[in-house]
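So, here's a batch of structures to check.
In the two complexes below, chain A is the common chain; its partner is chain B in one and chain C in the other.
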Partner chain A sequence: MASIILRDLRHSYEGADRADRNWALKQITLEWADGGAYALLGPSGCGKTTLLNLISGLLTPTEGRIVFDGRDVTNASPEERNIAQVFQFPVIYDTMTVYDNLAFPLRNRRVGEREVDERVREVATMLELDTMLKQRASGLTADGKQKISLGRGLVRSDVNVIMFDEPLTVIDPHLKWVLRSKLKELQQRIRRTMIYVTHDQTEALTFADQVVVMKDGEIVQIGTPVELFERPSHTFVGHFIGSPGMNLLPCQVRDGRAIFAGEMIETANGASYRGEGRGLELGVRPESVSFAPEGIPVDVVKVLDAGSYRIVEARRAGHTIKMLVSEDDRIPEGPAHVRFAPDRTRVYENGWLVR
Partner chain B sequence: MSFELRNVTKRVGADLHIYETNLVLEAGSFNTLLGPTLAGKTTLMQLMAGLDRPTTGEIWFRGKNVTGIPVQKRNVSMVYQQFINYPNFTVYENIASPLRVAGLAARDIEARVFKAAELLRLMPMLKRRPNELSGGQQQRTAIARALVKDSDIILLDEPLANLDYKLREELRDELPRFFADRDCIVVYATTEPTEALLFSGNTATLHAGRVTQFGPTAEIYRRPADLVSARVFSDPPINTAAIRKRGTDILIGDGITLPAGTSARALPDGAYTIGIRPHHITPQPRKSSAAMIEGTVLIAELSGSESTLHVDLSGQTWVSQSHGIHPFKVGSRARLYVDMDHTLFFDAEHRLVEGRA
Partner chain C sequence: MNKTVNQKGWRFVLPVVVLVAFNAVIPLMTVVNYSVQESFGENTFFWAGVRWFEQVLHAERFHYALLRQISFTAIVLAIEVPLGLIIALAMPRKGPWVSVCLVLMALPLLIPWNVVGAMWNIMALPDIGLLGRTLNKIGWEYNYTRQPFAAWFTIVLMDVWHWTSLVVLLCYAGLVSIPDAYYQAAKIDGARRWAVFRFIQLPKLKYVLTIAILLRFMDSFMIYTEVVVVTGGGPGNATTFLSIDLVKTALGQFDLGPAAAMSLIYFLITLFLSWLFYTLMMRNEAR
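Moving on to the complex of A and B:
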């Protein structure tokens, strides 16, 4: 296993002769420790797959260096980098048995049959494939096939890093829970460097110790799941993480106090603001808005029942404020008052958190 | 104005793919078919569309038997999980194509294409061809094409499954709005319970070729008719356990006794299966009536805003899900609180006899 350093990485799919070319990746610098669980999270087109392909060696970066365990691998071939990869759709040999599929990456590297057997059985047990080792892969469901793909990614003990590219997309929600938990459990047990690429916040946040949030070819925030949720450093992170995402409301700041739609709002960071007052927004998560006897006057316009909670849409001066209300709590009809939790309400300037 | 399946079955070779199904879908209604992969959602939709004929039974629309009428002669639109577009057409032409076939005036076509394109955030891409679009944009084009014509029935087969999480969230929010002022019947297939809940409307739970229950979504969710429907409509999976009820006590396995919830006390003593949703088991008591259980933590997941725990309780795994961050170490003992007032009770045939979850 290896630590990974990406230094000033930039990539463009267009020719080097164009001065104004588009950068699929604008500037990426980060360090990942050996044995950590990491996720690359962002919408499609954010550059996360490009980054993954640069790390695996399927692409060579236009600029910058990639270092594995102190060794520069920027120009090394995928084979030399010694990486295991699991893709969105199962990559398996239909005519082979489950056992032979799992054994393939090992036999391919001339690992002795005794060790092959040991590794295959260990991985098969972890993924609950041990009862079907003799079956042909062709007869398996999509879920079963994807489990084999995961197994093939996990079976080698000598790889530098295991990379997962949207590995659970084709899996049924019920089984997703199981596989996601399994993967996390495995990572904690075997402590290999794993990189998980996804647009699904739940998958990224439950899997990774540290999540890299990307947008338009750039990193907007690197943090633990809790940090990303509780203290987004950019409104994009606030919006992208959480469901529904963070409320973003235009505001002004005077003498360290935020004002939204004529109402004075207490915030966690407004006091440190010293700027011109342009491009200011208040960010507050639906989880941190509650009904109160007094506060911001609103009209409740919509209530969606999500089972354990309800998503309430309230309007104030033409702005929508979303809030989450537990299934046991009462929702007033029509005019009401809401309150933003002061320690969870922050001021953002041109998208970035005011510090 | 309704659309009806009357005693419809579908047999393929020796296998019954759809068991006898009766459904009445009203004009202007939004109906979700909820079930895991291979539950029969797509087969049922193909029967509804007229792409396939039922083996037995009849399909009625607006008081007419339309059973043998093929899809071309019905005013139906369908969107598949795998998007289909005309590769040589621009996005605009793709969306407009059903309207041109129908012979609409150019001005009407433009107005409708723009409305659908706006909803699906395709306005900046109208001049592009499908191969210049991302997968998500191609799927949105396919959805727009289905929405643009005034179909009587719109069938959407997991149309958002291949889209980005956030985009899915936004479209889920807006799709029902698009149909709000129409009297068409929408049928939407999904594997995700949350999606069904947020669409509200009606839900049919499907399992292994059977429609196990059909009705207003919130009602199906809170009072599933049987254990199968409860399982289909729960994510993460609902906790179940075989229990004995004795007086006001609920005995699970040997050694665990929980107090029955208020309304369950009147149930006759005996054996039942109970169902408790993961969010009714929490690290902190939500109510004073909550009962405490203690088990060993198997899995602890933190998602930034929610905590999910898998706990071993005398050999059974129970799942707890709660808002907020509640860190537990794997292998440690955890105290959790069960909201007994939200317990479902099923009899020996797994039919619901008591409870709201």
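Moving on to the complex of A and C:
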């Protein structure tokens, strides 16, 4: 187990001879505590897998340092770093039994057979693989194989960090949930540092204590799932997290109050704005928009039933406002009024939260 | 439930049936026809039953040809498969050298059999050939037209030169199709080079290796042209393999009956051994 510090990490896949190269990772500085559960969340191509491979040592950063527990491991091999990684597609050793697969990392490190046996059985019980230890690993289903990959990380008691690179991609939807809660339960029980990379917000938010949201090779926000949801510091986070994402509406700010389509709107942070009023947006989650006797006049254009709630699309001056309405509430037809909860409505300037 | 009956499908299968009939079934049946009859000139035939089969199976000449054939195939497989695998493992996976290596490897495969034979025939000549002269210079009195061992050495070397590339290319294709994640996982699991080969590369190459072995087995078991061009089956009968013996019987002596019986036995042996290889290599997959 280890704490992890990333200092000014930059990485490019292109040669060092080019001055204007494309950075897959622009500048990352992070500190992760020992034993925590972390997630890297972002759309495809945002650099999260690059970051993961830098931490695991499969890639060496172009610039910056990586420190595990005070020890600089920037140029160390994956083996020296003592990490474990679970890949997107289950990696198993086809010709071996489940038992031998789990024992493989230990045997490679010349651990005694008695200890190997002890560790393998313990981990197999943890992962509910104990009944199939003698089976050939190639015969297992995708989730079973992924459990083996995870198990190979867990058998080594001295692993610094276990990393997951979108591990549930090939798992059937109904098993995803099972495996996800199993993972969370394991993390809480054994308290190892775990880093989970995904583009699925549900996976990230349910697994991690702290989520790092990335975009275009940069960190946009680091926070607990609640913080990310309630107080996104960038419109990207607001839009990416939540289903549907945050409403973003162009606005002006005058005397600390926001104006959207000619309507005055109370916001949580409008009073602290001191700028010239360019690139301003109002961010409000669909959860914080409700119908009201008076407020912003809108036209209801679409209602989607999502089971326990409904997603209503309303229009105002050419802008779409999405809102969540519970099954019991009545939805007015045609012209109506909506209200934004003032403490959940925020002003963003060029994408970033106004502070 | 009623099944829809539709016989139109036959029309689409028919061209293939005709093709297979003309290029496989009818020629094979002609051979079967010859193998059970005694033939004289002017298309006169007499029923011979299984006499030719008995004759061939009891003939010492056939036994020795078969033995030589099996030895040749075994030697060639034992060299080409491991060598091909080693070369494929040593080839670069990325960069400009990949295409260079691939082209170099493919070259021998593009040369026609009889040209290969002619090349090696000249190269191995003891007095003027590059190989033959060099060997004589370094102290081996080498003459493939007189010494059976030298003749075997030459044709085995020729076959290795000609066909190892096929194994290399097949193995290389298999190797590059292994996802990087396997190598990364092995690195993380602390696997050494040998363990990576034994537990990742070899299992993943199982299918291409099976194909490579089958192809090389069938090809080397039926080798004819190159050997005829280089040694003509000699010295003596030292390199008279089954195919050469068969041609001698059929066209040299014009014994059509025994030759036909021999062809069928040859065919069945090839079929049986191919089946055996395949079954042995795939036996773990059934579970």
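In this text, the second predicted complex is superposed on the first by the 355 of 355 C-alpha atoms of A that agree within 3 Å, B and C clash if a C-alpha of one lies under 4 Å from a C-alpha of the other, contacts with A are read in each partner's own complex, and residues count from 1 in each chain.
As a convention for this text, a contact is a pair of C-beta atoms (placed from the backbone, for glycine too) under 8 Å apart; a residue touches a chain by one contact, two chains touch by 3 or more.
What you see is a predicted model, and the numbers here were worked out from it, not measured in a lab.
In the superposed model, A:G45 lies in contact with chain B only, and not with chain C. Legend: residue contacts after superposition of the two complexes on their common chain; A:E122 is shown touching neither chain B nor chain C. Look at A:D94: by the touch rule set out above, it reaches chain C but stays clear of chain B. Using the contact criterion defined above for the overlaid structures, shared-chain residue A:E287 touches chain B, although it does not reach chain C.
Applying the stated contact rule after C-alpha superposition, one finds that A:D130 touches neither chain B nor chain C.
When both complexes are overlaid on chain A, the residue A:G139 reaches chain C alone and has no touch with chain B.
Residue contacts after overlaying the shared chain place A:P244 against chain B, while chain C stays out of touching range. Legend: residue contacts after superposition of the two complexes on their common chain; A:L205 is shown touching chain B, with no touch to chain C. Chain A residues in contact with chain B (one complex) as well as with chain C (other complex) do not exist. Within the complex formed with chain C, the chain A residues making contact are 56, 58, 77-79, 83-85, 87-89, 91, 93-96, 104-105, 108-109, 136, 139, 149, 152. Every residue of chain C that touches chain A in the complex is listed here, in rising order: 179, 181-182, 184-185, 187-192, 195, 199-200, 203-204, 287.
Listed in rising order, the residues of chain A touching chain B in the complex are 43-45, 141-143, 169, 172-174, 177, 180-181, 184-185, 188, 199-202, 205-206, 225-226, 228-230, 239-245, 285, 287, 304-309, 311, 324, 326, 328. Listed in rising order, the residues of chain B touching chain A in the complex are 36-38, 134-136, 162, 164-167, 169, 191-194, 197-198, 200, 217-218, 221, 235-237, 277, 279, 286-287, 299, 301-305, 308, 310, 321, 323, 325, 330.
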